[in-house]
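Chain nomenclature is as follows: A, B, C and D, assigned in order of appearance, with residue numbering initiated at 1 for each chain independently.
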Amino acid sequence: MLSEIFRKKKKYATINLYEEKGYKNIDKKMNPITCTIKEEKDLNDASKIKCKNCNTYVLKEEAKDQFYTCEKCGYHFRIEARERIGLIVDEGSFIEYDQALKTIDPLNFPEYEGKIHKAEEKSGESEAVITGEGKINGASAILCVMNPNFMMGSMGCVVGEKITRAIEKAIEKRYPVIIFCASGGARMQEGIFSLMQMGKTSAALGKLSDEGLLYISVLTDPTTGGVTASFAMLGDIILAEPGALIGFAGTRVIEQTIRQKLPEGFQRAEFLKERGFVDQIVYRKDLRKMLYKILYIHTLGGGSNA
Amino acid sequence: MHNTLEFEKSLIELENKIIGLENFSKENNVNLVSEIDILRKKLDQMKRDVYANLSPWQKVKIARLQERPTTVEYVKTIMPDFIELHGDRLYMDDAAIIGGIGTFEGIAVTVIGHQKGKDTKENIKRNFGMAHPEGYRKALRLMKQAEKFKRPVVTFIDTPGAYCGLGAEERGQGEAIATNLLEMSRLKTPIISFVIGEGGSGGALGLGIADRVCMLEHTIYSVISPEGLSSILWKDAGLAEKAADIMKLTAKDLLEMKVIDKIIGEPLGGAHKDIEFVSNNIKDYLIKELPALLKLDSNTLLDQRYEKLREIGK
Amino acid sequence: MLSEIFRKKKKYATINLYEEKGYKNIDKKMNPITCTIKEEKDLNDASKIKCKNCNTYVLKEEAKDQFYTCEKCGYHFRIEARERIGLIVDEGSFIEYDQALKTIDPLNFPEYEGKIHKAEEKSGESEAVITGEGKINGASAILCVMNPNFMMGSMGCVVGEKITRAIEKAIEKRYPVIIFCASGGARMQEGIFSLMQMGKTSAALGKLSDEGLLYISVLTDPTTGGVTASFAMLGDIILAEPGALIGFAGTRVIEQTIRQKLPEGFQRAEFLKERGFVDQIVYRKDLRKMLYKILYIHTLGGGSNA
Amino acid sequence: MHNTLEFEKSLIELENKIIGLENFSKENNVNLVSEIDILRKKLDQMKRDVYANLSPWQKVKIARLQERPTTVEYVKTIMPDFIELHGDRLYMDDAAIIGGIGTFEGIAVTVIGHQKGKDTKENIKRNFGMAHPEGYRKALRLMKQAEKFKRPVVTFIDTPGAYCGLGAEERGQGEAIATNLLEMSRLKTPIISFVIGEGGSGGALGLGIADRVCMLEHTIYSVISPEGLSSILWKDAGLAEKAADIMKLTAKDLLEMKVIDKIIGEPLGGAHKDIEFVSNNIKDYLIKELPALLKLDSNTLLDQRYEKLREIGK
């Protein structure tokens, strides 16, 4: 209870304690990054990647040290879900859920199975999201991390189901939920089932909210379509990586609709913050620290659950 | 009739021939009663065959017909004392979604639906039933009001999709729909949804989280338009018919896949041929389903609604 | 219970019943109007009033028959609170509350008492709002009716207190509340006390809302300032009379701030409806019927309290 | 110091003279220690007299000083781990109101306040602390979040008033403030408000419904600005000083009238002379008042908050 803390006259002590435990050493604990970047296809040299923003070729090793951002312009490369997990959670703390879950191709959609196989091969993953629990500087959380390279991070039944189960697990364990969004939208090949995953995941977040539990949404490049119109926008706190494309409709669709080019920076993270939909833009190198800080503040709760 | 559907052409041709015979019979005082009767029966059978075997693409065409009754017409016949309530209390009144209150069978009901226009002028005002964020926020305001006053909510879904434009993105189309999904999933009052025309993607779902979801017989509900799918799959929006064939977007498909609860029958030729017929079917469904839903305590209601969503693609 | 109604198979009967009881005869029951119009000062002839909108001179008697609207252009004249009550409630059904409540001039503000006296003399009323209960076509409601001519309908302690008491009475009796707003804003002569009435009335409406009771706000010309920024905008349903000026800031203040003329129709009822802040514009002649209709629908409640 | 206040001129003159004497003493090696000490004491006494007897108009001037600490500066000293959270999730992030979370004495707290700029450039960005509806809606979003997570809310009030412009009217300035008044009156978590500069009218009250309302010693809180009142009463905004005299807008007036609960002391010369001093006073007040408020069950908390509002002008 707060009042007890106050009575003990531990005046202003907590903040120092907190600084000690948390922020200062956090960078040193960062996990080694071992995965490779797979999204930048136009490589001349396997050891280099080209920055989409400033067209510089960056040494992969150097990019790694920069949390996969361009040293020159700060551009954030898209990264695989497992690399993301490596950047965020304490080493060895991640326990994956439902890894075996695979789509049943509910519409018997032409060529869908082949596409899934290809995506599996290319990514080494079984679906477009990895879910599980882990610790961030010691603070437990449920994490759902989308993979922008697995069929463009599209949401079908497996993605919806894994995220829903993870949220339900969070309710059971009374953990906060963090979802890293990266998606081209709903997965067309699963038709109406993919649309309904928007409702399912949102309903699960409604339950989480009713339980008074925290949900942090982290928007990374790209977050669009059905993911934007469901869990991406439902965070108690919504963070975004710099420059991330975030929107409901795709750029091309809008340009066709309004018959003009979109203005520079439209649907970028900075634009969304300006428009009131993002709490903060956080550089990837600061993300772990920021998440920990929010989790830490949150666990202090208010008067009644502290 | 404007907007003749391709597959109706032979039916219309035969009908015109029958009318010709009738006129001939009258003018020349030739008795053709039994012959005409046989032809009429044949025509009726042909119509039944055509409408019983519509292809998905034909369903798409019917679902989009401009003559098709819209939300406001169903509301007028089902709830003659309907009062429209405007505005989201935040930014704008979006005419692409209408809402309000009225009485049905002696209880107060909140009704909300996408609203297409009946002609080009009205369609411009109503943005062809494609709502902006403020439309979804008006809907949410009225749903929260319904919850407060313990009124059930009936929604009518009829949209090509949420609008994809600058303002819609600027004002958070994604946020508005997402918030509706979440809030509808925990709204402490019964919700029944009817797809009355096009159930287009997230824009449809934004009014579609419900305890019961029905589709009229000749409507569609899908994650993307057939044109959209074909242009993504085959870089050719002209292959929409082919796309429709694989999409499983008809009422029959969705009932079989257990995504919806009920198909509401339409008259031969589609809802616009006899709106009273469809309204009565909607009324009957409401009369059958509402009392049981209203009897549930709100925890049970919400648990059942959650389970319903939870089951899809489990 | 609804389900009982359904079981009895009284299919579609209720709507007819309701038409019979309510709408059809409502206009005939309208009270005779006996008060005089006091706001239009520039009269040449006591039997005529000039329409501000189209500059026509209208016979008072004729205006009365038109519910104090201009026959030619439909302009709605400002009317006194008692006339308003006469137009709305069933004859003889109005019971006034707190008529004796008078301001104590809390700031001892120069010339305030004199102004109050003048307003009393001019209007024959003791303050800028009349509160009480009454019936509309038989349906009971608490009514608060502001007087645009009593110190410009400004809100001081008495206005705030009378409205708050009326809301509290509504909670006690479980009646709906209807407030007819007409106000130039907060009453400067009561300083911070007048500002705090915004909080007080809004808090009372919060309690009313928590009790699940209905509040209908009717915005008439003019509804501005502190009244707009409190109870005027808090209706479950907000109606407005055509052409009514409705806004937070006054026209002059805005024009000074932005250094340009305001566009035609800005801050008018129709503009506010377009902008999403008004549910419906209702002509004065239809207001009683509309209010009854809303009260009637509302009393049917949903399943659980029908 | 820029922006010299009229009534401080003689104090500054004397101070300069003392500094002159000190320099003279040092340069010429003349011992003036005791003389200077006497003068310093005199100056101190003069300052005390001036600041103890400020006229309302002088208070207005101090409350509006550009050097005066703003919300973000108090937040930084009181809650060094503050995380700012942006946006109303509806239309825009309004820089005239800031909000976020942080820890204070080991508990999580939500802080929200008007934010003026420290120079012209920042003032343009922050609209001189005059919020649009989206500012009030951001505040409400953060307050509802605080309620959900059982965090107490601290607000800092410092605004000439809510902005009076086209966009503000179009997007419902009145609605936004009104909704905050209602929602703050029933927010199920403690709220403590501090007027740290100007408490201007409805724009101030929109963050000011609270369980405890404090004013810093040299701040004002009023239904209208002195300039506004004088231009209405006497058609002359230049008579603002005269208006201030009759308005009862100082902290002392409001405490006497029982509209506020406490005056937070400022250092001699105003809060900007020693922000730590003021921050410590604010901290002490929070430490004294928060525990008891946090202990109340939410019904009692809300009943007491209601009674507090209810009593004003009863």
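Everything below uses one rule, namely that a contact is a pair of C-beta atoms (placed from the backbone, for glycine too) under 8 Å apart; a residue touches a chain by one contact, two chains touch by 3 or more.
Because the structure is a prediction, the values reported are computed rather than measured.
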Set A-B beside B-C; more C-beta pairs touch across A-B
Per the C-alpha means, the centres of subunit A and subunit B lie apart by a whole-Å value of 36
Between the Cα centroids of subunit B and subunit C the separation in whole angstrom comes to 39
Note: subunit D sits from subunit B at a C-alpha centroid distance in Å of 54
Cα centre of subunit A to Cα centre of subunit C, whole Å, reads 51
For subunit B, residue numbers touching 2 or more other chains are 89-91, 171-172, 175
Residues in subunit C with touches to at least two other chains are numbered 209, 233, 275-277
Contact graph of the chains (line, ring, star, complete, other): other
Pairs of chains in contact here are A-B, A-D, B-C, B-D, C-D
Per the touch rule, the subunit B residues reaching subunit A in their complex are 162-166, 168-175, 177-179, 181-183, 185-186, 201-202, 205-206, 208-209, 221-224, 229, 232-233, 246-249, 254, 257, 259, 305-306, 309-310, 312-314
Within their complex, subunit A touches subunit D through residues 1-3, 5-7, 10-15, 18-19, 209, 212, 214, 233, 236-237, 273-280, 290, 293-294, 296-298, 300-306
Listed in rising order, subunit D residues that touch subunit A in their complex are 80-81, 83-94, 101-103, 105-108, 134, 138, 145-146, 148-152, 189-190, 283, 287, 290-295
Per the touch rule, the subunit A residues reaching subunit B in their complex are 106-107, 109-110, 156-157, 160-161, 164, 186, 188, 190-200, 202-207, 209-210, 225-226, 228-234, 247-249, 253-254, 257-258, 262, 266-267, 275-277
Subunit B residues touching subunit D in their complex are 89-91, 137, 171-172, 175
